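Below are structures written as structure tokens.
Next, two complexes with subunit A in common: one pairs it with subunit B, the other with subunit C.
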Partner chain A sequence: MTATIANPVPGGRKRRAARDGRPGRKLTFDNVSFMVVFLGLPVTVFAVFVLWPFAQAAYFALTNWSGFSPDYDVIGLDNFGDLWSDQLFRRAVRNNVILAVVVPLATIVIALTFATIMTIGGSSHGQLRGIRGSSFYRVVSFFPYVVPAIVIGLIWSKIYDPTSGLLNGTLTKLGLDQFEAFAWLGKQSTARWAVIFVIMWGFVGFYMVLFIAAIKGIPAELYDAARIDGCGRARMTFSVTIPMIRDAVQTAYIYLGIFALDAFVYVQAMTPTGGPENSTLTISQRLFRTAFTEGKFGYASAMGVVLAAVTLLFAGLVFTVSWLTGGRDKRSKA
Partner chain B sequence: MRHFRRGGDTVVSSVSHVVLAIWSVVVVAPLLWALLSSFKTTREIFASPFTFPADWNLDNYYSAWIDERFGRYFRNTVVVVGAALVIVMLLGAMCAYVLARFRFPGNRLIYYTMLAGLTFPVFLAIVPLFKLMQGFHLLNTQPGLVVVYVAFALPFTVFFLYPFFKRLPDEVSEAAAVDGASEWRTFFQVMLPMARPGMVAVAIFNFLGLWNQFLLPLSLNTAQDNYVLSQGVNRFASQAGYATDFGAMFAAVMITVVPVLVMYVVFQRQLRGSVQQGTFR
Partner chain C sequence: MNTRKQNHRPGKKSTDRRGFLKGAAAAGAGVALSPYLGKVGLAGASTPPAVGDAVNPFGVAEGSTVDAAIFSGGYQHDYVEFAAEIFEEVHPGTTVNVSPLTLVAQELQPRFVGGNPPDLIDNSGAGSMGINTIFEQLEDLTDVIDAPNLEGVPIRDTLYPGVLSPGTFGDRFVAVNYVFTIYGVWYSGSLFEQHGWTPPTNWDEAIALGAAAQEEGLYLFTWGMEAATYYQTFLIDSAIKEGGDEVRLALANLEEGCWSHPAVQGAFTAMKTVVDEGYMQPGGAGTQFVQAQAQWTLDQTALMYPSGSWIENEMKETTAEGFEMRGVPEWSVTTDSAMSETALRAAAGEPFIVPSGGANVAGAKELLRIMLSEESATYFLREKLAPTIVSGLVPEDGFGSTALVSQTEMLEAANGEYFNHEFVQFYGTNQEQLPIWNSFLSGDKSVEELTSDLQAITDRVREDDSITKVTFE
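Up next is the complex of A and B:
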């Protein structure tokens, strides 16, 4: 790693001469071919395989297309009307909203707690540092992030297995006999929470590492000053850490929310049929089955549009809450 | 006062260690349990979650690799992910470079459109994408899967390489221009090598993301000969219960996990640095 890159120019914001007109920039074959290939190729691929399908989905949502017949009718907003009275779909939306509220909140609280312990949880004297062995915990906690989600789902579905699973085996060993054949994924009261826990298990480590990086970016003087003023660890966390890394928390919240609104892989692996009383059914699962099993592409596209709308609404909500709870002070200063 | 503080430190650090240790166990135990189970027979798996296999052998791995065709899925995954990774890194670097260092009308528009592509749910696109691939005769083919992988990994790649190219000093590209290097040469021989740390980090993330890809192959790659590993695992998940060879299932899980875990352990230093640089700077 060269020094130039490891330490980017301190005044990185300075105006770049190259962009304002490089010397002798004419339309040569070199220039033109360069731009066509360098910009044209990636943008074309992106437009054809990402943007175009998104745009089409919005149109298909207004049709009764089955996906296999060549012709179809434009039926306007009928699909959305049907969705509104579709009990199963409403159930799925409700489940997704619960996931999008609980998963990010719980994951971030845990990840932030761990990150705090590992960065400022050490001795309250001398240099600010985390507790001993932090790097070990960090590497271990990150493991789940590299395990494919479908594998996470499958392993946990076996751990939750009523009779031969690791969880009930452990609980019974601890003397809790009532769990001897407890069906974690088969009972309406526990299935949802079992799924939520698995998603959290997969993400806590990653967001912990993100928060550790963010906390390390806070100038140490702030913590020193807080200490001199007599702040304890809890006070430092709420008065220094959280305000300083609020952008990171906000990003994490949005990303986790988007994952939770999808959640397809996890529920597909653990409760492929929607769980007891459809308590873990998600929009994505409904959509997939409607499109590829029931052959209602138009109706499925309408579900996709609703999912996208819920996602955007969620992101907007996070931004608004963040802005209302103090982000605006920071913005106006920046 | 001082004495009291010290006592507080000890309590805090003990509690912290206990909490983190419990979490570490919760993280590692399932993985180790899956590893252990991958050596047990289906009968042993059902007998008890804790017992060790009576006979340590690779029978399960053999049947997963041959009978359950994970050897083939493994090869498919390596081919598809490898090809997509090379192409997306090249296209992504080119696009990020142009967006970061050239000024032209539409620059911001393209950048923000890509950013939006990063947040939209893939599910919305899946139905039309199916139809589109069918139209191009790319449905159920490996090249088709590669193209889609590239397209959907592109926004992430561009977005995270952008700051790396933005940070490169202008003097270098100016010097190259003065020396008469063409735009092409400046990129491939000067700028791209300088962005190497960023390229490595983004490549690792893309590798993880593509190796773990699930929804795209599941809906666009339904020919069993072309299955990737995650689809093979999914087959186990959806058939679970009916005369499944659970030993082979755990072996298949291990076959899927081990390459990514090895990648992570080998590259975890780069990964850590990049998380910091890419997301918060």
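Up next is the complex of A and C:
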């Protein structure tokens, strides 16, 4: 800003411009108080409640702290070595990776499909619009997101109940007798997918609304032009919609992925024991148990550090993939 | 009662606030505050106490405050409030703050780290602290047991036999387990009478009963996913009755190959038959445990349920009219067992502990002494329909509870032949064992797989040097 003002102006006006252009340099009460309130305070809060706990966790990961006494020894990287050979923890990491791959992908595909139907899925004559009643569906599909995650978990654990649950009740009424007393959350073959379904159920509505907003932001001329060129709805989706909202999709992917790497509330509500053969055990569940029931806070902190690393790795991976698949063209054009 | 309870409230609030400040100090945010807090804690202790007399055996300081943090689960925490009222009457001028806890470990962890734990803690429930993690910081409570109760009788003489062992680790007695829990297999007296069934005394009879139930379209047992290890407890107890102390010590002391002991294998194999014959209500691995228990108490589709004696209180609201809950001792594998048919796993539960770092250790011990006196123990019995470790207080009619009468009968029939084991609780392995049992009870695991999975956990704990071990006797 200052440069563009200062440069083209010659001679005598330059001095004045510099003074006018850089008011921040002067430590008046206004400036200082502004800095304190809008910079100092947030940075302090961030440092105390985010950075400091991070640093603490990283430090405790190097100790054998039990969590219940003020004494501990620094034991270096032993905890990480133990984690590497901890079968249960590796199992949890594997489960989380599966969640982080499946949940975002499936949720986004479904959300995007619905969003497309509700924005450009309507009549192909006249103005571009969604299917009839789309605003109603939009509101209804947002409902699950309004319900707290723990409540969703508990509701579904009742729906999945083998003998008195809604799901098996419906299926057996339809004549599918093999679902009599079928333990959805108790069979290794179904527990993970039952949990994934519930997480998706909770999120699809929100991401659909997010995508609808993004699609509405696309200039209508683009669609009109595409239609004149003879695009069908599918072609319009892949050649207009998705390229135009790829930033929204990328953000959604990262958010959902980070969530899936945690997923604590859902799994704790539906399969508090870690699921059949630990097939739904997550890192966060394992961490919680290690810290509070086994009294190994140092070891649990090491798990936390690994989880943070996995999360960062995931975000990095998504950015890289997005960049490689064409994000870079867009950047350079802009 | 009610007005008194309300009187407690302001005091309770101030503890919370202080607890918060202490927590803040512990987190390092309020270092400057801690000298001030230290003074608050010491204020009462400055009065010279009269140590050792019968009225005040631990020398509770005048005007001091006792801070009791009580797990408020199935038994709530009102029974401690009841004892607290007596405390304040016996020691005028003192205050007892009873605060309820639900997740004991999470709520108390910062206070232990900060060096200002509550004076008395009921360390119970699913979120309890592993005793081995705080073992070094606990007060030895032998002097409480040797003190006279409010009636003047030494407390030791009023207790059921063997109730001190669950709180004793190595040579230290660190936890008063207040509630006497009897492990049994529970059933509906009326349903059994109606069909002319008698509860089994060994596994062959149990399997025969399972067949009889199947003819009626019923199941022998049911289970819920968070409580699948109730069957582990049941089968361990069954094996101990079959094989005696040898089995109990092998398992508790984490011996190599302990799960392959013939008695243990006998119990596992019998259970496998029950599972394979379809005598288990299906779907347990996906059923929430209270829901599963209601299949037995309310729907009555399952006949029996192995559990501790808390079960009657836990299912009070969801038990069918005229259910008449009764229990039998967990049965042994064969009729040729090391222990007699009436031998009983009876264990004191609800461990009350006193951290040495608490501000008022004497007050905590005194509160325990009052809880172990007749009036408090009777209050518990009447309100909770479960016996405390104080013996001889259950009336003929069991305050109208068939289960309480049945428990008293079992205790008397056992005639002191009690046993107990604590290793699962002590090493905190229950969570890890749950998935294994869920699979086994669903029919997805053979006895061999069950054995090797459980042995792997035992071996891992034994080989892990970072885990404090004790030798059980």
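Points to keep in mind about this one:
The rule is simple: the second predicted complex is superposed on the first by the 291 of 334 C-alpha atoms of A that agree within 3 Å, B and C clash if a C-alpha of one lies under 4 Å from a C-alpha of the other, contacts with A are read in each partner's own complex, and residues count from 1 in each chain.
By definition in this document, contacts are C-beta pairs under 8 Å (C-beta built on N, C-alpha and C of every residue); 3 or more make two chains touch, one makes a residue touch a chain.
Since the model is a prediction, treat every value here as computed from it, not as a measurement.
Of the two partner chains placed by superposition, only subunit B is touched by A:Ile150; subunit C is not. Once the two complexes are laid over each other on the shared chain, residue contacts for A:Ser66 go to subunit C alone; subunit B is not touched. Contacts of A:Thr163 after superposition on the shared chain: both subunit B and subunit C are touched. The wider contact with subunit A, measured as residues touched, comes from B rather than the other of subunit B and subunit C. Of the two partner chains, neither subunit B nor subunit C is touched by A:Val240. In the superposition on chain A, no contact is made by A:Val195 with either subunit B or subunit C. Applying the stated contact rule after C-alpha superposition, one finds that A:Phe292 touches each of subunit B and subunit C. Of the two partner chains placed by the overlay, neither subunit B nor subunit C lies in contact with A:Val318.
In the superposed model, A:Pro272 makes contact with both subunit B and subunit C.
Subunit A uses residues 48, 67, 157-158, 163-164, 272, 292 to touch subunit B in one structure and subunit C in the other.
By the touch criterion given at the top, residues 5, 8-9, 12-13, 16-17, 19-20, 23-24, 26-31, 33-34, 37, 45-50, 91-92, 94-95, 97-99, 101-104, 110, 113-114, 117, 119-132, 147-148, 150-152, 154-155, 158, 164, 166-170, 173-174, 177-178, 182-184, 187, 194-197, 208, 211-212, 214-215, 219, 229-230, 233-234, 236-238, 240, 246, 249-250, 253, 256-257, 260-261, 263-264, 268, 272, 275-276, 279-280 of subunit B touch subunit A in their complex.
Contacts from subunit A toward subunit B in the complex involve residues 1-2, 4-6, 8-9, 12, 16-20, 22-23, 30-31, 33-35, 37-39, 41-43, 45-46, 48-54, 56-57, 60, 67, 114, 117-118, 121-125, 131-133, 136-137, 139-151, 153-159, 163-166, 169-170, 173, 201, 204-205, 209-210, 213-214, 216-217, 233, 247-248, 251, 254, 258, 261-262, 264-265, 268-269, 272, 283-284, 287-288, 291-292, 297, 300-301, 304-305, 307-308, 311, 315.
Across the complex, subunit C is touched by residues 48, 64, 66-70, 88, 157-158, 160-164, 180-188, 191, 271-278, 289, 292-296 of subunit A.
Here subunit C touches subunit A in the complex through residues 29, 103, 105-106, 109, 112-115, 127-130, 132-134, 136-137, 225-226, 228, 281-288, 291, 295, 301, 428, 431-432, 434-435, 438-439, 442, 444, 466, going by the rule given at the top.
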